[in-house]
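One chain, chain A, links the two complexes that follow: it is found with chain B in the first and with chain C in the second.
Entry: the complex of A and B
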């Protein structure tokens, strides 16, 4: 199949690619503050993109992001003194991939809420295991992580954003991506036309876990010191969901926009008034689900469509339900 | 011997409380198809409120009279506003289910942080019958026995409510089939709101009980939600007797494991549910 270029649909990819290339030059003129902020934003972009890659089309809501990011943290924590950063990312990703594959193989056979509950508890479970390990075996709370420098972390995050974007686009256009969408639309029909549903789901879940593990490994090198409480943090599970819901779960740009907006909000508000900021988060989440189920991107598209229809029909009356 | 008695008694006490929490959660899911992740926050708010009230001079048992109706009303209002609207705009049951769950995360953010804003991270506690007695060689504080007694009273009362009253009948009918119940003249929206409120009430009851002896902080909500979810999966989603049974099991296993190493309780719970789901995905008493 030869892919035909469609300007209206593909302009978003070009814009995103241009922004990524632009960001590659930010360290030349940006301050440390800018670099740290952009690294944080990029971490959330990778997390929400990889979350929406699996949960968007299939409808299986995963809350295990915190566990995968935390595993990335600890991969860095254990190995940062002996291995270079790319290896740390690879290890973090592979460990997350393996855990996701095991958990997915057991729980993705079941439908709906069971999966969500299991992934929800998984974060607490891994945290409990890590705490037990630190108290009973090494008898030392937390680990120190080597800092590779702000620039290195920034470029590592940028590379991960690029890789994630490519993975998301490639999967969306492949048979595998169609299988995921098919599962979300009707799982019975998908299995009737010959899709191995469990295998597809497990593999999709594990890929998204891999991406989260790698950014976790990078993130840890920005923090100097990690412990189970800060690594296996429920917020890492909730935030990608919130960002995708706000931006638009089933769109390409939605998770990116949602992640950027909330990462900036969080960066500026969390030190001054952490609770108020979380309450605002909750309120935005409820309102977003109620009044813009397709996210901010969906709202934008609806507005654009309405304007276009109005122009082409010149006072046409039948655009009430556009 | 006294160790075993200790584990069993403490396990049953915690099991009663867990059963109470899980009953509320399973009621909200079974009837309204709302997996309420903010369930533990009702518990937290009620535990902290009752501790504050008792510190201000109220009798502990009287704080039930304030916390429980408050939780019911809050739950009822939440249901008739946002969840009823969501049900109206959702195109099918599956969409509603996943959106309702996501919305309860929003509720969790709001309620948990209201608690943190008011009470901070310090724990609260008060003295109420906190002297020990000996039972079969095991030493137990009297207030734990009171907790167990009250939990049993609530569980029994709830079963009577569900099986003997008219509202209970309409709740059971709605949980079996929403459409059929609606055709038989059950007021679906009102029943669902009552269920959500009752779920909040049961969590609040457990909260007051936890406040009596376990010195809660404003952060107990999430961990209790996790336990309640595990209990509900173990007992079978939507099954009320399953919630009580699952609560007892988790309580007993939790106490037995924490006798060896308290940080492994979560691991034991998770493994138990994982194995159960492989053997019997519906849960112990699931339909």
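Entry: the complex of A and C
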């Protein structure tokens, strides 16, 4: 009923699935560098997709991603010596889910920028609590994390990309996804046509937090040592937002492409010009926002539409936002 | 027993009593008009009944169930639908999907097949079928207001609250809107409508309630209201 086959839209799913399958073979020939870079790209993809899954339709801009990724870090930090990686991911995800559900129940009543400010503060709050815990209780800064090997981390990230893609597509086509969109379009109207807006928002926020927690747990195993500063990192909060703006938020491919471009750009800038990397990075972001308000994918769609219009007068209303 | 009975409901914003100790009831099958000058508290009264805001005191009972204290989605599922003074359509969705949203969520456990049947029915009923694939911004204001009504109808309400659905419409559109309201009532849905268009109110309402500064100052049949001295002073005189 909701779903109609549309060639241009469905081709993108097939292409993405093919790329995911191709990635499964990368460890057979890729160098350690390639694997690490790929793992980062995949982590970013999970982050931007899960962020846009909630913030895209609802318009509730969350800056709490750093808290959820950080909880994943610490799940690994505390438990990596005793549990296998999938369990660490599950714990990281569940703890993030729980925090998001609690925070969401309290703060998702806040509308607009107040929600954003609260989530922004949340990262600092969790970081402060963790720092206090380490200084006052255990009297040891940071934790060492077991390394499960580059290949393992790579495959863990790949599995999470696959899961996240499935979750995103399923939600987008489900009643739940429609409810999220309704809330973004008009929360008042949504509540008066029978949508349980609070529950929908809290659940959406928590699912997205779960996904971020799992990749945080994997990420930590790629580092030797974590501490509150590296875990509850504002960079992780801003990254998904920037990647989605860069790639285009309202499209399926936007967050994926934004994440990939971002990770590669970041890696190159860090290695080539570490001193001025943030400056260049910032400049590119500003230019992107100024000149591509709909992101890379948006620009692509505009170009395609222009070409199409040139060919035939019959433009039609091809909705790009599904 | 009335379908909806609100007793002594009050709501203050800061120091301002937007609605004070209002009793209002509507019987099944009725069209009840709600009039009063701007700022009289009409929209606030709708917000209180539909659960958008909580009342400071008073109770509202719908079909024997106490609805004061309930959330909007619960009140909707019990069978009260509403439209908004400034249309709140889902602008990013085509017309038919707006209606589908109402059909899908308005009743718990609505099947997809059933929902799309409701969409077709309702679009036919309100005469929006031709515009079903258009985006909200591409249809005229009168149709946008109709769409809001359609979305509310798709939730299968027993009682419909219409907030100034005729504001901003030209005379012929007002005529069509009046026809629609009567048709909705004839289909078995009870209606409370806020309206400034006197001609429409007087013609189609069975009963009228007048609010002024948050208080109910008069209630009665259209002819009684038109002849009521207080009403003429505070309200009709201003027009």
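To be clear about the criterion, the second predicted complex is superposed on the first by the 303 of 322 C-alpha atoms of A that agree within 3 Å, B and C clash if a C-alpha of one lies under 4 Å from a C-alpha of the other, contacts with A are read in each partner's own complex, and residues count from 1 in each chain.
Keep in mind that, in the parts below, contacts are C-beta pairs under 8 Å (C-beta built on N, C-alpha and C of every residue); 3 or more make two chains touch, one makes a residue touch a chain.
The shown structure was predicted, so the numbers you read here are calculated from the model rather than taken from an experiment.
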| item | value |
| --- | --- |
| Which partner, chain B or chain C, touches more chain A residues | B |
| Touched partner set for A:116, first chain B, second chain C, both or neither | first |
| Which of chain B and chain C A:193 touches, first, second, both or neither | second |
| Partner chain(s) touched by A:179 [first = chain B, second = chain C, both, neither] | second |
| First, second, both or neither for A:13, with chain B first and chain C second | neither |
| Partner chain in contact with A:135 - chain B first, chain C second, else both or neither | first |
| A:33 touches, of chain B and chain C: first, second, both or neither? | neither |
| Residues of chain C that touch chain A when the two form their complex | 50, 52, 71-73, 76-77, 81-82, 84, 88-94, 100-102, 104-108, 112-113, 115-116, 133, 135, 148, 151-152, 154-155 |
| Chain B-facing residues of chain A, complex | 59, 61, 106-107, 109-110, 112-114, 116-118, 120-122, 124-125, 128-129, 131-132, 135-136, 234, 238, 241-242, 245, 274-276, 278-279, 281-286, 289-290, 293 |
| Interfacial residue positions of chain B with respect to chain A in the complex | 29, 35, 37, 82, 85-86, 89, 94, 97-99, 101-103, 105-110, 112-114, 116-117, 222-223, 226, 229-230, 232-233, 237, 261, 263-267, 270, 273-274, 277-278, 281 |
| Residue ranges of chain A touching chain C (in the complex, touch as defined) | 1-2, 175, 178-179, 181-182, 184-186, 188-198, 317, 319, 321 |
